[in-house]
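The same chain A turns up in both complexes below, where it pairs with chain B and then with chain C.
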Partner chain A sequence: MTPSRPLLIFLLLALAALAAFPLVGEEFYQGLVTRLMIMGIFAMSLDLLIGFTGLVSFGHAAFFGLSGYLLAILTPEYGPVSIWIALPLCLAGTALAALVIGWFSVRTSGIYFIMITLAFAQMFYYYFNENQDLGGSDGIFIFFKPSVTIGDFQLLDLSNHNTFYYFVLASLVLSYVLLSKILKAPFGQVIRGIQANEARTLALGFNTRKYKLVSFVIAGTLAGFAGFLEASHGGIMSPAHLGWHESGIVMMVVILGGMGTLYGPVLGAFAMGFLQDYFQELWSDHWLLLMGVFVIAVVLFLPNGIAGLVAQLRRGKGGDAP
Partner chain B sequence: MDFVTFLIQVLNGVQYGFTLFLVASGLTLIFGIMGIINLAHGAFYMIGAYICFWLFGITDSLLVAIMAGIPIMFVFGYAIERLAISVLYKRDHLYQVLMTYGLILILNEMQKILWGSDFYSVPIPEVLSGSIPMGNQEYPVYRLFVSLVCMVVAAGMYVVIGKTKLGMMIRAGASNREMVQALGINISRVFAVVFSLGAALAGFSGMIDAPLSSVYPGMGNYILIISFVVIVIGGIGSVKGAFVGAMLVGLADTFGKVLVPEFSSMVIYALMALVLLWRPQGLFGRVT
Partner chain C sequence: MSQPLLSTHALNKSFGGLVAVDDVSIDFEAAKVHAIIGPNGAGKTTLINLLSGDLPPTGGAITFKEHDLTPKKAYAISQLGIGRSYQKTNIFADFTCLQNCWLGAQSRMRTSMRFFRPAKAYNEVRARAERALELCGLTERMDTVASAMSYGEQRQLEIGMMLATEPELLLLDEPLAGMGTDESRQVVALIKRLAKDHTVVLIEHDMDAVFAVADVLTVMVNGRVLATGNPEEIRANSQVQDAYLGTGEEEAT
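Presenting the complex of A and B:
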């Protein structure tokens, strides 16, 4: 997982650009970039499953949305909730959900796995969609961003746009570092072994089912973290956040960016975000039609995503093989 | 619950199960034989319902609308198979999911462009619009009619798959694709026929359901997810499994709504989880 030198330079440049953005960008675009960074974290978490463990989860949005709903439930009507309470509870809640769903799902593979993760995610969708106490299909508002205080001292004011932006940026970097550490660790080697050849990994004496479950829980929890940020950022959680369209979009983001690389999904999030904006401008009523055509085009012509394209171009120029 | 209510719920559950079976059987065959996960299958159900609504507007007869609609669906399925699905046979499931997801987006928007976002209804034909008295309650004739027609279709499928040459090819294809090819059968033609038949079945289900459920955007999404549950319960590739799964889900959903209304949307998923605990490959699935 050690990135090559040009890649490292590119990542540092991108990071510098993101860090400098609030100094020059308009507030609207700052909000958009915040959202895209959150999407990047979400997509990275899915990549751990799709790109590294070989588990095609089509219900990943369940954890994203569940965490957001937990934050909405925990936030009182007339004031913020402390992040020290909200964040651990949101993460624990999603981890538990991922543990239960994962326990059932990793017993299967292939098409079964795809359908079961989707079905469980839709179960959450219909639950929140029909629960009128939580706003039903309209969703539920989160009026206050969580407070970050120690005693009476306010450590961070997340309701400030710039502070929240840097909070999300730090979260993105942290998630990246955390995931690359996990992938470098023996655990990461085992799950990549599962992706390459599960039977062989099993024969080597690893309990592959257990490893897949742990990977599923880590990915679900990280998706929950992204959902926590999204709910704080957007101030609203609706069933759409955990529906299959969201799961489809995030899967698309991972493929578009390039699965099996951690930075790819982040690139994908930005590419997809700007593309979505562009399509909406182009044909506001039926932009999803353009998106559908684009999705099919990526499957046909860009199966390894942007990261794969870059690697291919470099190979073509006589650069080093990946 | 008194006996009459119980009976009515059983009839409702069976009727719902039959509708599900028509969608799920095509889906499970497409999985089993072609190895394709087709998310757009629910969209076929929706398109069927819209075609029924459209043709009913022209012909003013549900029977004619359905009779004309089925071949349209068959041709439509054939076109989708040739244009989009056929490039997916050698690709990973992940890309099948994405491609058919893209297809859903396109088909849903096409539907909105053609028919807008309104809800439409198709009236029940007059001959079938009555009700049968049952104790102190009544049961609509049309629902019985739907169950009956679906039963005939299911029996027809049983004969086609069990007794005909095409059925032999389908069964052989489901158990060993390479061997069928080696025996000189044009497997890609079998694929195209199976896919088109699946599309026609799903479309037919949408057409016959249109007078009961009304016609609206996104109506295929729900049925697709439930069909997945049916297939997971029954076992991928097994038509018998799809039938048993559809009946179980239909009855569980119907009785769930009556007995535990606040958790009704979760009952079938709990059922799925239970079956998975017991048999991860589904009731009639083969261990791979």
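Presenting the complex of A and C:
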């Protein structure tokens, strides 16, 4: 799945546009784009499960939110926490949670897998919702972005919104490259086999459960990375970040963007974000209605999502078979 | 008689009240083609599913060399050197032929938990996959998507995928099912070639093919073994004639 040349050019142009955006965009929109890039990482991590392993997880926000809460807990009240401490702990915490949840979940399939991941995520939701020490349903503030220093030297000042923007952009690119590599490697071949025909993959000599679990842990950890960025960016973590509503939104983003493509979910995050902004201006009371119509239209007319549209336009130009 | 490569002892499989495989004890000798025949519903495919680990037995034991296969899962049995093909074509429809064989070939790496080096760079995997394609006669179809091929070619691929795992023992579940005469002849030739350096367990309804390739036959009826012997013995067996061969018409499927 090496991206074809037109696609590569498209992705590089998109990357250039993102890199140039802070030079021209207003601060409000820069904040929005930062959030959408984080959503893109989150959605990409879910695409590894839905689009490449065939595991429809309906509790993916649990890892996103858990990592955010971990950062909130690790950040002292009167100063930043070092990223060298916070990031490994947040990732290790989500990886461990994904290992436990995954261990149970990969024993099921189909609708049961959806239900069990949802149930686990709701357990997390209620835990944080009831826990008054962590702000209960109001959530908890993170007053300082993590510090990135070596000794006394400040490597990056994440509280500068330009620096943070590029930090997130680099994270997005890194996540994409990392996942692409994994998908091309022997591990990626196996999970694609599992998605296409699990019984046969098992019969060919692969312990499919083990591969599904590892895929689940990778996806969960990457979602945790997105949650870490989101908590740093927004400065607040609330139970809503790990509820089923959030899990549903990220799934919608993956489907809108086009599952099984990696870049599609990133496009989906942007489409979703800008449309939300646009629809809210257009019809502030009932913008969700417009969003609903849009989602239905995409599912009906673009079964492969926005990424499918990109591929179709290209094929149309090339004069290939319809 | 030499030590059998694979043997079942009092093997049992029931689905609820239905006993599909009933007290079956068979020895499969190394380097032989051992065919299992019998009418539809005799429990042949269930037996293969038990041998390959696709289904767990309800009772009895299966031994392969010194290994007890009874509690083992399908992937572990495959790793011991037992390959199987399916009666109902069970391929990766959206993958190319090479990709279909790739997974089987890759499963012989010590582990596929490798995340960074591209799969393409593993030349020994490519070599195994290409050898499997050559054996099943699909080298020219290497880059064709499986679902775009004819039914007969998909059946060949079915066998190729199994061969990519370089098994020592082959479990072939009706490899000729639904094939035309020409295609059948090719596959029979392939089975004969494979028989030279593999042990084969073959389920097949095409009696001409069975008697052409089998060294040993076991006849199953209603989940039980009716008789085992060489082709002449089976042909001459009056019980077998009554139960199966003698009915005149052959099963179409």
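Just a few scattered comments:
Criterion: the second predicted complex is superposed on the first by the 312 of 322 C-alpha atoms of A that agree within 3 Å, B and C clash if a C-alpha of one lies under 4 Å from a C-alpha of the other, contacts with A are read in each partner's own complex, and residues count from 1 in each chain.
Everything below uses one rule, namely that contacts are C-beta pairs under 8 Å (C-beta built on N, C-alpha and C of every residue); 3 or more make two chains touch, one makes a residue touch a chain.
Quick caveat: nothing in here was measured; it's all calculated off a predicted structure.
When both complexes are superposed on chain A, chain B and chain C end up sitting side by side without clashing. Seen from the CA centre of chain A, chain B and chain C lie at an angle of 80° in the overlaid model, rounded to the nearest 10. Judged by the touch definition given at the top, the superposed model places A:F58 against chain B, while chain C stays out of reach.
Look at A:V293: by the touch rule set out above, it reaches chain B but stays clear of chain C.
By the touch criterion defined above, A:M251 lies against chain B but remains apart from chain C after alignment on the C-alpha atoms of chain A. Using the contact criterion defined above for the overlaid structures, shared-chain residue A:Y112 touches chain B, although it does not reach chain C. With both structures placed on the common chain, the touch criterion links A:P6 to neither chain B nor chain C. In the overlay built on the shared chain, the residue A:M123 is in contact with chain B alone; chain C does not reach it.
Once the two complexes are overlaid on the shared chain, A:P88 sits clear of chain B and of chain C alike.
After superposing the two complexes on chain A, the closest approach between C-alpha atoms of chain B and chain C comes to 11 Å. For the contact definition in use here, the chain B contact set and the chain C contact set of chain A share no residue. Every residue of chain A that touches chain B in the complex is listed here, in rising order: 50, 56, 58, 104, 107-108, 110-112, 114-116, 118-120, 122-123, 126-127, 129-130, 244, 248, 251-252, 255, 285-286, 288-289, 291-296, 298-300, 303. Of all residues in chain A, only 181-182, 184-190, 193, 196-197, 199-208, 211, 214 touch chain C in the complex they form. Within the complex formed with chain A, the residues of chain C that make contact are 52, 54, 73-76, 78-79, 84, 86, 90-95, 99, 102-104, 106-109, 112-120, 122, 125, 161, 164-165. Those residues of chain B whose C-beta lies close enough to touch chain A in the complex are 31, 37, 84, 87, 91, 93-95, 97-99, 101-106, 108-110, 112-113, 221, 225, 228-229, 231-232, 236, 265-266, 269, 272-273, 276-277, 280-281.
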